[in-house]
Structure formats: C-alpha cells, structure tokens
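This structure is in structure tokens; I'll ask about it shortly.
For reference, chains read A, B, C, D and E in written order, and residue numbers begin at 1 within each chain.
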C-alpha cells in the first residue's frame, strides 16, 4: 500500500471526497463529488436524482386540482407559493377572475411562507458555519408562522391550501390578529439575528468575498431569487411580472452588486424585512367576500401552452403546462429555481477551501426535492 | 508524593481505557456485515486510497512553530529570574523579542502565513 | 417591446419562422436546425437582447418531439417562447444552446435523461438524475414508456 | 488528630502515618498509591460525566430549550445512562483501518489528559505531585493529546478523518505557542514555575487584579488559545461536523468514541483549572486590600470550593463561547494566531516585565 | 495607517463578538424564554386547531348512521388511491334496490392530506379528525374502514 502511494506522482493524486448523500451540510440527499488539492476545492460535481420521484410524469395522469398536492412536495418550504403557480396558470388559461379576498389572502400567505423559508435557511446556514444556536432561534420563530398556517390551512408544511379558483377553505377569524402579532414579534427578533450572526466578525470573515458571482454569470446560469439579486441581477417576478396583489403594495427589491456569500445572506435578511412590510400593508385590508370563485367540477384547459412564473423563496418558480384539451395535462414541466441555482456551484467554489464550499452551498439555499422533482 | 509516582497516573489511564475496551469487546452483542465495517464516506463506497500524499501547507508553519517554541523555552528561564536581575534582563529581552518580531514580520510580508 | 414588434424583428432575422398566437407571450415555431443561430442572434441583437434562458423543456408528441425555450431579456423585460420541432422520435438530435446560456447545460442533460433528445456539441452529455441506476432504463418521460413495476395505471 | 477542610495537609499526613503504623513502608506506599489512583479515576469519571451534563444543560438554556430532563430529576442521570449505553455498544471494526494505531489513539488521548491532572493543585494539601516546573510539565503533557488526534485521523483511513487530523495538527501546534507565552506572563510576576508557589503568592491579590492590564490581556489570550487547544467551538475544526461529518473520530464507535468525548471535556477541565490557578489564584479566596471583615468572610469558604467554583466559571465561559460563535476557517484560525495573538502576546510580555520591574502592579 | 486599521480591527471584532455573547447570555439567564413543550406530559393541554388535518374520518350519529351514499366521488378525486369504496346493494323500506357502501376503506399510509375527498363529497360525509398520533408497528394497521360495522345511511341524505 505504501508503495502504491509513493509510486503515484503527486500531481496525479487527486483527493476525491464524497460530500453527501448522507452529509450534514448538504441538507438532504444531494451528493457533491469534490476533488481537492490540499484543502482547496479543485472541482465540484453535483450528483442528483436520489429523490427523483418523477412528479412531472405523475402530473400527466392527474387532474389540475390533484396536481396541487404534488407541488407541495417540490420545494416543501414554500408550498403555498408552488401551489400559487399552478392555480395562476389554470386560472389564467380559463380566464377566471378570482375574488379580491382570495388575492389578498394568497399574497399574505405567500409572504409568510417566504419568511418561514428564509428563517429556516437562516438557522440552517448558521448551523453550516458552526453556530448551532442559530438553528434553535430560527426554528423558534418559524413555529409562530407555522401556527398561523395550521390554524387556517390545517397543516404546517404541506398545505395544499390553494385550489384553482380560490382557496380550500376560508381563513380562520384569528388569522389577521395572529399575523399582526407575529410581525410585531418578529420585528423585535430579526435584529437579534443580526447581532448573533450578521455582525459577528467570524461570520463576516467566513462569508465576505467567498464565492463571488457576477451579474453576467448569474444571468447566464439562470441564478434567480435572492442569489441572483445579490449579484445585481434584477429578477424579482413580483416586480417585473406582477401577479396576485403585488402591484398594489410598495416594496423594494433586495439588491446588491457584490454577489458573494455575505450579500446573498444580506439579500435574504432584507427580503424578510420587505415581506413583513408587504404583509403589514395587506393584512388589515383583506376585503370581505367569497373564498373561492365558481369553478366547474371538472377543469379542462383549452388546448395550448401555458407558462406561469411566480417568485418563490429560492427564485423564479415556473410551471409550464401543455394541454391537449383533456382534464389532465399533456405535459407539465416545473422550472425549479434550485435546479438552476445549483448549476453554478462548481464555478462558485473553485479555488476556495472545503469549508467555503459548505458556506457557498448553504448560501445558495438549496432544497433537494425541488432539484430532483 | 514524589515525581516518580507519575507512573501511577499512566497506569490509571491505561487501566481505564484498557478495561473499558476489553469490556466493550466481549460483553456487548455484536453482529457484523460487510457494509458495517466499511469506511464512512456519506454512504458511498470510497474511491481510491485515502492515504495519499496530502498537500497541506504545513512546512512553513512547522518551521515557524519550531522557531517560536524554542524561543519560548529560552524565555521561560528568563521569566523566572527576571525580577532578580532587573533592568539588564529587560533590555536583553527587548532586543531578543525585537529580532523575533522582525522575523515574524518578514514571514508576514513574504506571505508565509497563508494556509494553502 | 410588444409581441407584434417582436414578431416583426424575428421575421427579419428568420423569415421561415412560424408564429403561434394566443398565449401571453409570442411563440416562435422553428425547425430544429435553426435553433442555435436564432438564439445567437436573439442574444446578440441589442434591441432584442434575450440573455436569460428561463426554462428549457422537452415534449414528446405522438409523431415528433419538441424543445421549448422560454427566453427573457433582462434589459427590455420582454419574453419569447421558442418551440423547436424535431420531426423524428427515433434518435432525436438538436444543437445545444449551452454555449450561449450556461443554465441550458443542466436543462439539456435533464431532457436527454427523460426524453432521449441528444444535444449536439453539449460539453457533458450524461444522464443527470437517473445515472446511478445500473441497467439501461430508457427515457421514462416518453409517452410510450413501459414500466410494469413502477407505473400503475388507474 | 484535628484537621480542617481549610488545610488538608494534616489529613494527608494522618493517613500516611496511619498506614505506616499498620503495615510495612513498602505496602503502605502501595496502598496509598492504590487509594490515590482510585480517587483520581473516580474524580476523572465524575468530572467528565458532570461536564457533559453541564454542557447539555447550558446549551439547552442558551438555545431556549430545557436540555436533558428525562432520566432522573432534571435529567441528572442522563449522562450516566448515556455512558452505560456507550459501554454496551458494539465496537465496529473498520476493515481498512490500521488496527493497532486505531486502538492506540484513545489510550494516548486519555493518558495525556490524565497525566496532566497529576500536577493540578486542587486545594491546600490536595496536590498529587508538586513539580518545581509544574507549568512546563502541564504544557508538555497536554500537548501530547494532539498525537492521539493525529493517530486517530490517520489510522481510520477515512478522508474526512485525515483532513480533520491535519487541521488539528496545524491548529494545536500553532496555539501551543500562545498558551505558553500567555502563561509566561504569570511567571514573570511570580518568578517561579511551581504551581504551589504561584498559588501561594496570590494570597493577597489574584494575578488578574495584581497585574491589571497585561494580566488581563494575557488571560484573554490564554482563554482563546486554550479553547483552540481543546478543539472546542469556535475552533472545532478537527471535528467540524458540517464539513467533515465528525472529523477525526468519524470511524470510532461505542466506548472508543466516548473516550474522545471524555478527553475533550477533561481537557476543558484542565485548561480551565490552569487558568483558575494561574490567573484567578487557584484555591485562594478572594481578598480585597484591607477589607478585613470581607476577607474573613471569604476565608470561611473552603479552598476546594473556591477552586472548583473558579474552574466552573471558566468552563461556563468556554461553553458560552462555543454556543455563540460560528466556526472559523483553517486559514483564519492560523491568521488569528500568527498575526494577532502572537505579536500581541510578545508585546504583552514586555509590558508585563516593565510593570514588574517598575513595581507598577498592586 | 495599517497599524491603526489593525488595532481598530481588533476592537471592532471584540465588540461584535460581545454583541453575540449578549444575545445568548440573555437567553441563558431568562429561563422564561424557553419554548419547548414536554410532549407526552402535555397531552391534556395539547389541543389541535379546528382545521387541523389529522386523518379522514366519517362521523356517525348516535343511531350508528353516517351520511355516505357510496357515490365514489371521493375515490375518483383522490390523487393517489387512498380511498377504496366497496359498495353493496340494499333493499330500502319502499322495496327498491339501492346502492350503499359496504366498506369505505381509507389507506392512511398513502394519504397526502390534500383535502380533495372532503371538499368534493356532495353529502359532507367525511370530515377531518384531530388524531395525530398515527405511529403503529405494522403498516397494515394504517388501513382503516371508516364506516362502523352495521352502520346505515342517515335518513334524508341522498
């Protein structure tokens, strides 16, 4: 064995490490094959498909209301937003006008979901960098949002709350009160996140200048969401292709130009503030009315191709439906933001250390079921 | 107690570890299968050897450590007697440290303190 | 730029292109040979500047295959859908756009994995999701795909 | 024979005399040795178990949790239950490992921490071996632990372990310097390397007050470096769980893993007690100048309590650090040592020497 | 200037670390902020929200009657076949043959809690149950028959 080591020239001895599928930092069954030179990452190759379930194929056999519960399971942290995309696509194809109440509730739910997703990302990111306490603070605050969801939707994670034409059921009477309470609570807790992690000198050293992504690269790699916006790629669907009630509210697009790990982090923190602002503008003005438009019992989309974009917490979530006029779609494709965000991991982590790879892949906020679909 | 009784602590430690290891080898139930005794690499069979020549930026740090550790050894006796000797010792150590810090600054400027 | 203006611009670029109306965005239907040149000129023409490939999806029709490209211009904020028709279902092949849009790299690997559409000049044409499965399993998103074990018809 | 809890020297002499009166000197020595061995073994185990429990409780409170609370009241028997569980676990053999070194590593780690324990003065009269170069001895022996970590990482034949071991090597080698130099500040003040002398000379005023600024800086540097020496967060690069799964002890299972765990906590106890001994006066009570009444009240508290209390506070500080800060990267770790701690330390020694020479201390 | 930057860097770093320590220190000395619940002990106080989706149940009244007519819409609407209806024909009071359910089988292990069966039921025969402790040792125990033995259709439900 010793001879084997000594006879191989040093240049050819590539140190290959599998990170994942069972690894604490990949947050799921993602596998990186990392080639190392010393501690320097030479090449990262993601291996996907460990939880590929063929959701797009399954959708071809299901009716449109039945698709909803599968989209929950794409990016399970933003189930509401995924549902929203399907609903908007179907409503747009059928030219259904949904009641104003539904639009408002959907927008609030989406933003709450976005905060919840970013909270979970924040705590997991703190854990990736070794600050385990962050994990508990983030989850503690996320519980409050999940309680709001549970009260109205009946479930905490996989809601299946939206349905083509409206909502499954009306919101709980406590919804507005609880939401306002949460905003008040979270406005106090969010600065604590900054004190604990953002301002910390170790954290700043670990993240500033690590894994930079330029605007051109971000556009070319299709990196959207907070990751793209940190690089200066203005890609907020809520701004550029407004849907739901986003054209009625005033909010800023979290925007940075540096594009490194720290600014991806900052973009998400800013987005939490903006989401709270959006919710505050809407929560008191939910109009009275029906919680669902009248829909036919069997929904059939006219023949054609439909694409609907929404801004999920991770980026630009799209659903592409090709209908042949039947009650089931002919083909469904999900444009999952994580799939595109992942594609730049090799570019980002080249020539950084293995500890930086963890920081970079954490800052991309990958959710593996969304990548594998 | 005299210094020779240090051996006692050595024995205690060996007994502690050895006893527990022997106990744990024979008493607990055990079952083996090929996967169990494989090296852990996130559930994937290891590719290649892990005992490769591994390129770490040890060399300069080892040298620097050696320099400063030897220096520490020199300074310890000085520290003990400094009070008795007085100002002369202080001036001497200032010169000594000046040279040392110069060396450190040199290494710093030469970017030797960057781990690769 | 409105759909009508886009239509005129693209007609000037590619006179043989057909247009499908009705959707939110303009859809251009082109044969597969033209895809790379069209994308290149769409990206490089300053008043079009389609620099962001949002989505690339393969479709299996009964008699042909198609690849849909959803393009957006991050400068002008207009969108365009390109439908590239591949007339055959046996060993379909199309030119890659991954040299123009890096994100197409993964999307094209996915389409190869699920539909078996081969992308010419792609730097890394391998299966992306199903590469760890040992036996040759075909391309499962094709409509005629048979799998008695895992697909249960209701 | 009267003996008090304030001075246990007489108790030791009484035991010695009693044993010598009933048996031959050789057998008396052997019995004494056996008693001391058993006492230290028990102490080692109890401290280890208690610290694990304390850490879990403290991190629980910091993280808005309650910590262990199922086994016994407030979960105080949790670690004992865990220990029994670990003892009853199978030792998984690793095919590709270097078997001899793989088994040797836990021995080295435990031996290093156990032998360092010998030189710690616990209270007046409870001091196993009072070396005249006590500080030097502790520094030498406790740095032996890194060999165990290196062996563990190398022999596992696991890529994560190897990287962890390599990191740990560079880390401990570097921080060894800072520990030594910051302790040296104390030696300048006391002019001695003997731990009992150091404690005695702090009878009126602890070093951290006596040496004011330089002593305080030295204490801070010692805390940072000592945390790094023990491989604890934020310096736990050798076992960085989000990067290297479990680092150097990835392949260890059952009781072998428990020894690494135990050694980590014992090392923490050791560096904390050294800090308490050198900077906070060991088992000496807190005395403030001429406040005779206050000093007498302080004297009333037994020395062993003082010693354990100070150690506990320092251990709590280290736990507080660990559960607050994110982990450093390896190059930052070395930057911190070579570009910050080392130059500051060298200057600090000069300042301390000047303070001592000029008599600017209290 | 490098020296000033170096020294101010040290102080800034220490202050930022101290801020973090204050946050964790605050929670350490405030046990009132503890948020964990002691689960099996708090079963009595633990109340789920009304909308909580625990499992699909079929409520029966005191005469052992339910509202399910056995129409099969829920079975049709279920996306993954968690519901199976076995129907039988019964002779009603006026002598006509009528379809009724024999067994309404519900596979809890396959259910994704999408609520489509409950929403689509024309006679509101299905409601959410609040039970959430579904852990069992055998998967077959998760297959449940929702109508109780000997139950009949409630009067007035078509």
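In the analysis below, a contact is a pair of C-beta atoms (placed from the backbone, for glycine too) under 8 Å apart; a residue touches a chain by one contact, two chains touch by 3 or more.
On a predicted model such as this, the values are computed, not experimentally measured, just so you know.
Enquirer: Would you mind checking which chain's C-alpha centre is most distant from the centre of subunit D?
Expert: Farthest chain from subunit D, going by C-alpha centroids: C.
Enquirer: Which chains are joined by the largest number of contacting C-beta pairs?
Expert: Per-pair contact counts point to B-D as the maximum.
Enquirer: Could you give the separation in Å between the centres of subunit B and subunit E, each centre being the mean of its C-alpha atoms?
Expert: From the centre of subunit B to the centre of subunit E is 55 Å.
Enquirer: Which integer distance in Å separates the CA centroid of subunit A from that of subunit C?
Expert: Spacing between the chain centres: roughly 24 Å.
Enquirer: Rounded to a whole Å, what is the gap between the Cα centroids of subunit B and subunit C?
Expert: Their C-alpha centroids are separated by 58 Å.
Enquirer: If you average the Cα atoms of subunit C and of subunit E to get two centres, how far apart are those centres in Å?
Expert: For subunit C versus subunit E, the centre distance works out to 41 Å.
Enquirer: Counting only residues that touch at least 2 other chains, which ones in subunit C make the list?
Expert: Where subunit C meets two or more other chains at a single residue, that happens at 154.
Enquirer: Residue numbers in subunit A touching 2 or more other chains?
Expert: 15, 17, 23, 39, 133, 140, 196-197, 200, 202
Enquirer: List, in ascending order, every residue of subunit D touching at least 2 other chains.
Expert: Within subunit D, residues 62-65, 159-160, 245, 323-325, 330-331 contact more than one other chain.
Enquirer: Give the pairs of chains that touch; include all such pairs.
Expert: Every pair of chains meeting the touch criterion: A-B, A-C, A-D, A-E, B-D, D-E.
Enquirer: Going by the contact rule at the top, pick out the subunit D residues touching subunit A in the complex.
Expert: That would be residues 59, 62-65, 159-160, 163, 167, 233-234, 236-237, 240-243, 245, 323-332 of subunit D.
Enquirer: Taking the complex as given, what residues does subunit D use to touch subunit E?
Expert: Residue positions touching the partner: 58, 61-66, 69, 320-321, 323-325, 340.
Enquirer: Can you name the residues of subunit A that touch subunit D in the complex?
Expert: 15, 17, 23-25, 39, 126-133, 135-137, 140, 196-197, 200, 202-203, 205-206, 353-356, 358
Enquirer: Spell out the part of subunit B that touches subunit A in their complex, as residue ranges.
Expert: Per the stated touch rule, the residues are 41-44, 46-49, 51-57, 115-116.
Enquirer: In their complex, what parts of subunit E are in touch with subunit A?
Expert: Residues in contact with subunit A: 12-13, 16-17, 19-20, 22-24, 35, 48-53, 77, 79, 112-116, 119, 128.
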